[in-house]
Amino acid sequence: AQDLGGTLKKVKDSASITLGIRESSLPLSYLDDKQQPVGYHIDICNRIVDAVKAQLKLPSLKVTHTPVTSQNRIPLVTNGTVDLECGSTTNNEARQKQVAFAPTTFVTNVRMAVKKASGIKSLSQLNGKPVATTTGTTSVQLMRAHEKGRSIDFKEVYAKDHADAFLMLETDRAVAFVMDDNLLAGLMVTSKNPNDYAIVGEVLNIEPIAIMLRRDDPAFKTVVDDAVKALMKSGEIDKLYAKWFMSPIPPKSANLNFAMSDKLKELIKAPSDAPAEAYNKKQ
Amino acid sequence: MNQVPNSAMIEMRNVSKWYGQFQVLTDCSTRVSKGEVIVVCGPSGSGKSTLIKCVNGLEVFQQGEVIVDGTSVGDPKTDLPRLRAHVGMVFQHFELFPHMTITDNLTIGQIKVLRRSKEEAQEKAARLLDRVGLKQQAHKHPGQLSGGQQQRVAIARALCMDPICMLFDEPTSALDPEMINEVLDVMVELAKEGMTMMCVSHEMGFARKVAHRVIFMDQGRIIEDATRDEFFGTPRSERAQLFLSKILSH
Amino acid sequence: MNYHWNWGIFLEQVKGGDETYLNWLLTGFGWTVAVSLSAWVMALALGILLGVLRTVPSRALVAAATAWVELFRNIPLLVQMFLWFFVMPELLPADWGLWVKQEMPAKEFFTATICLGLFTSSRVAEQVRAGIQALPGGQLMAGLAMGLTLPQTYRHVLLPTALRMVVPPLTSEFMNVFKNSSVAFAIGVMELTFQAKQMQEDSEQGIETFLAVTLLYFICAFSANRVMAVIERRTRIPGTAADVAAQS
Amino acid sequence: MHGDFDFSVLVDSLPFLWTGLQFTLKLTAVAMLGGIALGTLLALARLSPIAPLARAASWYVNIMRSIPLVMVILWFFLVIPLITGKPMGAENSALVTFTLFEAAFYCEIMRAGIQSVSRGQVAAGYAMGFTYGQNMRLVILPQAFRNMLPVLLTQTIVLFQDTSLVYAIGAKDLLKAAEVAGKNYNRPVEMVIFAALIYFVMCYSLSFVVKRLQQRFAFKR
Amino acid sequence: MNQVPNSAMIEMRNVSKWYGQFQVLTDCSTRVSKGEVIVVCGPSGSGKSTLIKCVNGLEVFQQGEVIVDGTSVGDPKTDLPRLRAHVGMVFQHFELFPHMTITDNLTIGQIKVLRRSKEEAQEKAARLLDRVGLKQQAHKHPGQLSGGQQQRVAIARALCMDPICMLFDEPTSALDPEMINEVLDVMVELAKEGMTMMCVSHEMGFARKVAHRVIFMDQGRIIEDATRDEFFGTPRSERAQLFLSKILSH
């Protein structure tokens, strides 16, 4: 048959493929109450694995899951621990120097969540106020750039993860939490009083979210790309989207009610793995 | 040999003490007059150290009474630090303060307890160091002296406080054989000057030379309390006879 | 090894800012040192006090000091950090809590310092207690027999020797403070680990970042070690076994 | 959020916490046994008259003791696969890292333990005709181990708490499990308080055992 | 008193030893014949312990020669463990192995070094424990015995290895006065049976009773090496005279 190299060879030789999963990136990739990885990206990854099985004629391919974090996901992909990262990773230029991405399967807008009672509607109302965000995310850079552009001054407070950051909003340590809107929606809907919060204000950035794989491995990338494109062409991806964003999901059967954005609809029609910079420059 | 004067310096009446269930002292009574020298002996664990520490309240006792120079030690109202300041004590392991020079060891009590001025304290310290033959060592630390020298410093330290009586707890038993005598010599001299002394020791030569009375203890009880001549002549209890024979043979 | 090396990264500008990554690391270093040293001062003062209280002849004081030590040393620091930051202000009256959460200057710094200081104080207390109890029992007796009061005996006799004895274990605790301060990132203190995570995420140059940060931590711990060695040498008592060993 | 703690989520998340606790215990046990074994060998090397061996061991120990554990964890996790070309997985990596890291600390304890055995005992062993190996095995190490048992256990308590740092590589220990559960149910405060309670109870019980041991030893000597 | 046989068991020729710059032993020579009992005495720090430890190679020396039963101790080719197995040694602080029972203390060397069977070793241990009067204590741990009992166990332990000679390093100086004699009695008996013994001790009564020769050391040198009668009659050096006078007075 054809000349196998890179990941495909590794997968074939070991008869196993390793998926990187997130434990709490609701609803893209997280653990349900039986501690099984579930989510929108997990479903898509499973389709990709099916394609790999078919390609390698290895129906018994063993699939293992390795939990990853936002700090270690890129090293884990580059060092070969993880073959396919099915999380919630933003595709940007810096990362493309280290890794490659499948066609974008989700688009998020960076916005802020506030308590409705605070009456805040716009970023400009945050001058001098504590604003929470999560250490090591792109939001940090965005806020920094926004401050410089508008010459306003937030008092940034940093949390080590999204849950802590939301806790800062909940306990009034911060008046706003700047993050990807789908994550904000997830945090709000599972909170104690989902109706107290709202996502408001201008969009700081549009970010394509995609499944991540090793760089410079064209054979594997082709298999992955084709699998994703096939999902998009058949319209199956809309069903998956509806399953995870528009219906009740585990563990507490909450419904995010998060409609598909126009940007994502565009991308399903014309699949692309362009980095975030490409979208935001166009604006 | 000195005479035995009559007014009581230390008086113990039916002292008993327990460590939990274990009775260390049973009904101990004795009396030390002013100027008297008493040697306490007995087998290991018989309660000698405990007894002597009851005198200045370093050990509390549950029954009985100890009166030192008219003050009751067991009385909760007694100002123990003040009482102790005037009862000199010398320990088996010297217990000099290792982080202070010899001079500081001799002055700290005078300054902090007797509230003497530094100069006065230093002058007194120098005089007493000289007396025990250690003027040269004043600036050294205890670790730099031999055991015998350390014990002489310990005696000088106690004397600096102008004690009305002195307690010794096996002052020579941690010393090399060669150094025992330099310490005993100082003690003999003190005794001859009329210091009231209560001394736990197995040095029978010393006892023979200066003791007025010898107390023999066993299992927390005072078994013999006799004048020196009676004790070395015909100790009345079998236990004491056995003990003496063991200590003195070879 | 398909890692993309870039040693020049430290002098590159951060995304959307006008500092370099080196500036970030140095700021982080500054906060690490600040948190660690303040926590250490607090831990020493409290630890000595508590260590003493655990050896005094009063059951109530001993029990109180013991409870303190057991509480602070039996819960992981990371967990304590979380509790101080998120739970403690909720237990205060509402307006005080809000002040602590929003108005208090350098609130992350103070929270981290207090948390690390209390955690370390329990360890220092254990060492100090061990030091005091390792002294020959006769020293306390000798102090008291001289007429010194109990506090005077601690002050002039027991503590000076006990503290000297525990300098070596305290050296490790001092080094630990620097290492443990890395947990302060969890509540957003912008110290070394925090900056390392930021820089790794921002630049995607993980190995270079970790190497630099590891080196900076090493410098902290090593300096702590040297400082304590100097203290140990300066306070050595002439004529003791340690002194004799050092002379030969 | 005053007073409205919702502890019912604890029940739902017990399976989460249990898997986490299992890993924490496994990690503690492996790192303790491996660390003591390796640490004892390191201690023997540090005390050996062969200068290069002693120096190598002392470098290893001093470097390990100067770096925060989080950093060591990240290093082993990220760099070893880069060098060996073989990925190891978070949990195995944690087991290896903790064993190697704790060995440095156990080494110092065992070294102190070996030195705490009096020179007289060492001489007595040799005088009986024992070789170096026999003397270590029959006379010195048993006593060193007994003298240091409380300290070894105290270090194990520290180790048990330090396992919480594996969050850095995403291995799921007790704290991580509590956090994940906390996030998925959005009840982080309740979860962390519960985890704190578990840690406290376990560490306190262990330190109680240590205290008992110390008392028994103090009595025997 | 025993006769002094003539073949040499221990021979030391011009032994010198340094700790770094500090010379502990200078040019020490002596000779112990089979069946001879030697007592070594001298002030603290004079090098007595060091000298005796050179005999079974517990201390290495830099110059000179020590020959035990025809084997050179300093020779790197000598199998030291094997030599030591047949030279019994008793220490000041007993040095029983605290983590083993008394029986295990007595059998471990026989089993591991002499490769005796467990039964044989236990039988021998029982016989020797009986001999020092401690049959009852076989199952106890050393910490549960008094100092005198421990030292007798230590002697029995050495005897279990069928030693060709015995070394003692101040075997009674860590004992309570009452217990010294129970240990000396065992040693006297050993001496009378003709065991070759080299014994650091300040017990002059013991020396008088059993020693064939007395060696007096000072500052790392052997100052006197005389028969017992010569030594106690007219010790030739001033230093030894001074030492004896200090030890024997009071």
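Letters A, B, C, D and E name the chains as they come in the text, with residue numbers starting at 1 for each one.
The rule is simple: a contact is a pair of C-beta atoms (placed from the backbone, for glycine too) under 8 Å apart; a residue touches a chain by one contact, two chains touch by 3 or more.
On a predicted model such as this, the values are computed, not experimentally measured, just so you know.
Engineer: Work out which chains are contact partners of both subunit B and subunit D.
Structural biologist: C, E
Engineer: Quick check on this structure: which chain has its C-alpha centroid closest to the centroid of all protein C-alpha atoms?
Structural biologist: Checking distances from each chain centre to the full centroid gives D.
Engineer: Let me spell it out: compute each chain's centre from its C-alpha atoms, then which one is farthest from subunit D's centre?
Structural biologist: The most distant chain relative to subunit D turns out to be B.
Engineer: If you average the CA coordinates per chain, which chain's centre is most distant from that of subunit C?
Structural biologist: E
Engineer: Roughly how far is subunit C from subunit E, going centre to centre by Cα mean, in whole Å?
Structural biologist: Each chain reduced to its C-alpha mean, subunit C and subunit E end up 53 Å apart.
Engineer: Between subunit A and subunit C, what is the gap in Å from one C-alpha centre to the other?
Structural biologist: Distance between chain centres: 38 Å.
Engineer: Counting only Cα atoms for the centres, state how far subunit D is from subunit E in Å.
Structural biologist: Inter-chain centre distance comes to 45 Å.
Engineer: So the centre of each chain is just the mean of its C-alpha atoms; given that, what is the distance between subunit C and subunit D in Å?
Structural biologist: 20
Engineer: Counting only residues that touch at least 2 other chains, which ones in subunit C make the list?
Structural biologist: Residues 3, 82, 86, 90, 206 of subunit C each touch two or more of the other chains.
Engineer: Counting only residues that touch at least two other chains, what does the list for subunit A look like?
Structural biologist: Subunit A, residues with two or more chain partners: 71, 75, 79, 164, 167, 171.
Engineer: Where does subunit E touch two or more other chains at once, residue-wise?
Structural biologist: none
Engineer: For subunit C, which residues are in contact with subunit D within the complex?
Structural biologist: Those residues of subunit C that touch subunit D are 1, 3, 70-71, 73-80, 82-83, 86-87, 90, 94, 172, 175, 178-180, 182-183, 193, 206-207, 210, 213-214, 217-218, 221-222, 225.
Engineer: Under the touch definition given earlier, write down the residues of subunit E that touch subunit D in their complex.
Structural biologist: Those residues of subunit E that touch subunit D are 53, 56, 58, 80-87, 89, 91-93, 95-99, 108-109, 112-114, 143, 157, 161.
Engineer: Under the stated contact criterion, what part of subunit D meets subunit E in this complex?
Structural biologist: 118, 120-121, 123-131, 134, 138-139, 142-143, 146, 220-221
Engineer: Of all residues in subunit A, which touch subunit C in the complex?
Structural biologist: Residues of subunit A touching subunit C: 70-71, 74-75, 78-79, 94-95, 97-98, 130, 135-137, 140-142, 144-145, 148, 157-160, 164, 167, 171-173, 214-216.
Engineer: Which residues, counting only subunit A, touch subunit D once they are in their complex?
Structural biologist: Residues 18, 23-24, 26, 30-31, 33-35, 66-69, 71-72, 75-76, 79-82, 161-164, 166-167, 170-171, 187, 190-192, 251-252.
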